[in-house]
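In the two complexes that follow, chain A is the common piece, with chain B as its partner first and chain C second.
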Partner chain A sequence: MAAPMAISPTRMELIKLRRRISLAQRGHDLLTEKMDALIIEFFEVLKRVKQARTNALRQLSAAHRALSVCLAVVGTIETQQASREARREIQLDASTRYIMGIMTPALRIERVERTVLERGYSIHFTSSALDDAAREFEKTLELLVELAELEESARAIARELEKTKRRANALEYIIIPRLEATIKFITMRLGEMERENFSRLKRIKAMLEARI
Partner chain B sequence: MNSERWIERELAKLNAHLPMKRISLSEALKSKKPQVVGRNGSVHEFERDELELLASILPESEWDSLFLPILVSFDPKLGRGTAKITGEVEAKVVSQLLGKKCAGGELLVYLPEIASLRRKLPTVTQYFFMV
Partner chain C sequence: MSYKIAVIGDADTVTGFALAGVRHTHIHVSKEETLSKLKSFLMEKDMGLLLITHRTIDDLGEEFKLLMRAKGVLPVVLAIPDKTGYVPAVDELYELIKRAVGARVTEKVGGG
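Presenting the complex of A and B:
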């Protein structure tokens, strides 16, 4: 049981504590509602993460298959040479999005799939197998960006959920029980004082009657 | 810190993401970048697909009466896991999306329905906690 707070047992303190406990109760109820809302958001994002991860892995596997074919057809050195020649810049628009005040990343990637000429390597010394592999990896990149955004969103929501749970627990298991214990202590102390007063008055009355 | 002040601060933070001013559906549709600014300075953008979905549900005459974001209000008085949508047009749109009957200008929604609503309209709906 929580220990009562060290305050003077007066009626004024009792009124103040009753107001505080009602505020704490309200805070706890609202934080619980917030937790419910966060759980909805978290599971929604988690569902999308699962789907995005499946898509990304499937595409990644297709890309590696295409790369293996490319290495066999074009050759390792030629493929490495082409990769060094390829243009590496891709436009990524990174901003933030807010879900219930939680900052999550919003990544927007403009067209990743490029034409053979846009890629920048020589088309005279390479084969279409290299183009296929490059295209597959470009598709993968798009899916990986989407996955990164969703995973970071899930992480941010999970962090907020943990914080909210800790606060709700602090109210439920520390603050509210302590306030309740203090209210109980003051109520008992005030009752005790009233009884003391009553018996004192009775004793005085008896003494006065005896004197008369 | 005084626990009372700590609780008050926590409660104040609950609705910090809400916009200072809501915009109507017609304003949002006209805008190139439909967005609202939150009390904490955060910018909340609306997805065009969702705006178009709302526009397809409502007749054009009601586009000025629908204010965005639609608020899903949690009130502890309603009990845990229950929220309400206030506003006649807002309640009408949500009831059509969820396939529920709406009586008057208020609609009560429960957690599975909130999840479904948020799945359909993740940017044009926001949570509001009745402090």
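Presenting the complex of A and C:
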């Protein structure tokens, strides 16, 4: 049982409280609806995360395999040298997008895979194992960008969901019970005052009759 | 506007992504260095995506979590396994589901 608020037991306060409780009720209903919608959205995103994660991780391990072969065939120092030469500015497009009022990132990457000549290292001194490794990692990067966007969206939705849940619970378990307790307290107090008044009037009436 | 990609991890991961063309990289050796590099990556305005290996995250510990809580929507930080395929036993995303939905979500095997 929630403790009633410290408030003076008057009719005016009672009317105000009734108004507040109906507002709180409506707020709670809205929040529950929002939560339902968020959960649907959340699971939709999760399904896609799962798919994207499997793909990306498979590609990543393939890339690492190709890199190991490359390190063995070409040599560690040569590979690192080539990797320094292969660097460039990647065209990544990042913006934010709103899913149900939640800010989520939107990432898009343009053409990651390059031809051997575009990569920038000398093809004369390197082996095709290096090309394989570079290509696999370019493919991985593309998948990881997709995965990153989805994971971050899922995280943002989950955060929002948690916040909404906390608010709905606060209304349901703290605010509304407290308002109800206060309303009960005021009605009881008003009734008590009514009865006090009644017996007082009775007594006065008896006294007046006795005097006459 | 074009955004940048950065990679933090072990030497092999960094080499691999450098081969794919990632320019901003850091090889994780000591915690202090990686943390300061991570901070500077997060501070950069046009950083779009930061890839970091799970093992590095484990090494950074609590400080990494604090940084993640403080950052905005961008850059997006994605944890990836390294060449050994190491991923932590507790999946961070599933922890999130548990907290958000209040129930563990499992998938039915064999068409549900």
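As a convention for this text, the second predicted complex is superposed on the first by the 212 of 212 C-alpha atoms of A that agree within 3 Å, B and C clash if a C-alpha of one lies under 4 Å from a C-alpha of the other, contacts with A are read in each partner's own complex, and residues count from 1 in each chain.
Criterion: contacts are C-beta pairs under 8 Å (C-beta built on N, C-alpha and C of every residue); 3 or more make two chains touch, one makes a residue touch a chain.
The shown structure was predicted, so the numbers you read here are calculated from the model rather than taken from an experiment.
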{"item": "Chain A as common anchor, with chain B and chain C clashing or fitting", "value": "fit"}
{"item": "Partner chain(s) touched by A:Asp29 [first = chain B, second = chain C, both, neither]", "value": "first"}
{"item": "Contacts of A:Ile15 with chain B and chain C, given as first, second, both or neither", "value": "neither"}
{"item": "Chain A residues touched by each partner, larger count belonging to chain B or chain C", "value": "C"}
{"item": "First, second, both or neither for A:Ile40, with chain B first and chain C second", "value": "first"}
{"item": "Touched partner set for A:Met103, first chain B, second chain C, both or neither", "value": "both"}
{"item": "Chain B versus chain C as contact partner of A:Leu201, first or second or both or neither", "value": "neither"}
{"item": "Partner chain(s) touched by A:Ala156 [first = chain B, second = chain C, both, neither]", "value": "second"}
{"item": "Three-chain overlay, closest Cα atoms of chain B and chain C, distance in Å", "value": "14"}
{"item": "Common ground on chain A, meaning residues reached by chain C in one complex and by chain B in the other", "value": "96, 103"}
{"item": "Touching residues (chain side chain A, partner chain C) in the complex", "value": "39, 42, 46, 49, 57, 60-61, 63-64, 67-68, 71, 79-80, 82-84, 86-94, 96, 103-105, 107, 112, 114, 119, 130, 133-134, 137-138, 140-141, 144-145, 147-149, 151-152, 154-159, 161-162, 165"}
{"item": "Chain A residues touching chain B - in the complex, by the definition given at the top", "value": "20, 23-24, 26-27, 29-34, 36-37, 40-41, 43-44, 96-98, 100-101, 103, 167, 171, 175"}
{"item": "Chain C residues touching chain A - in the complex, by the definition given at the top", "value": "1-5, 11-12, 14-23, 48-49, 51, 73-78, 80-83, 85, 93, 96-97, 99-102, 105"}
{"item": "Contact set on chain B toward chain A in their complex", "value": "3-4, 7-8, 10-11, 13-14, 16-17, 38, 40, 42-45, 74, 76, 80-81, 111, 114-115, 118-119, 122, 126-127, 129-131"}
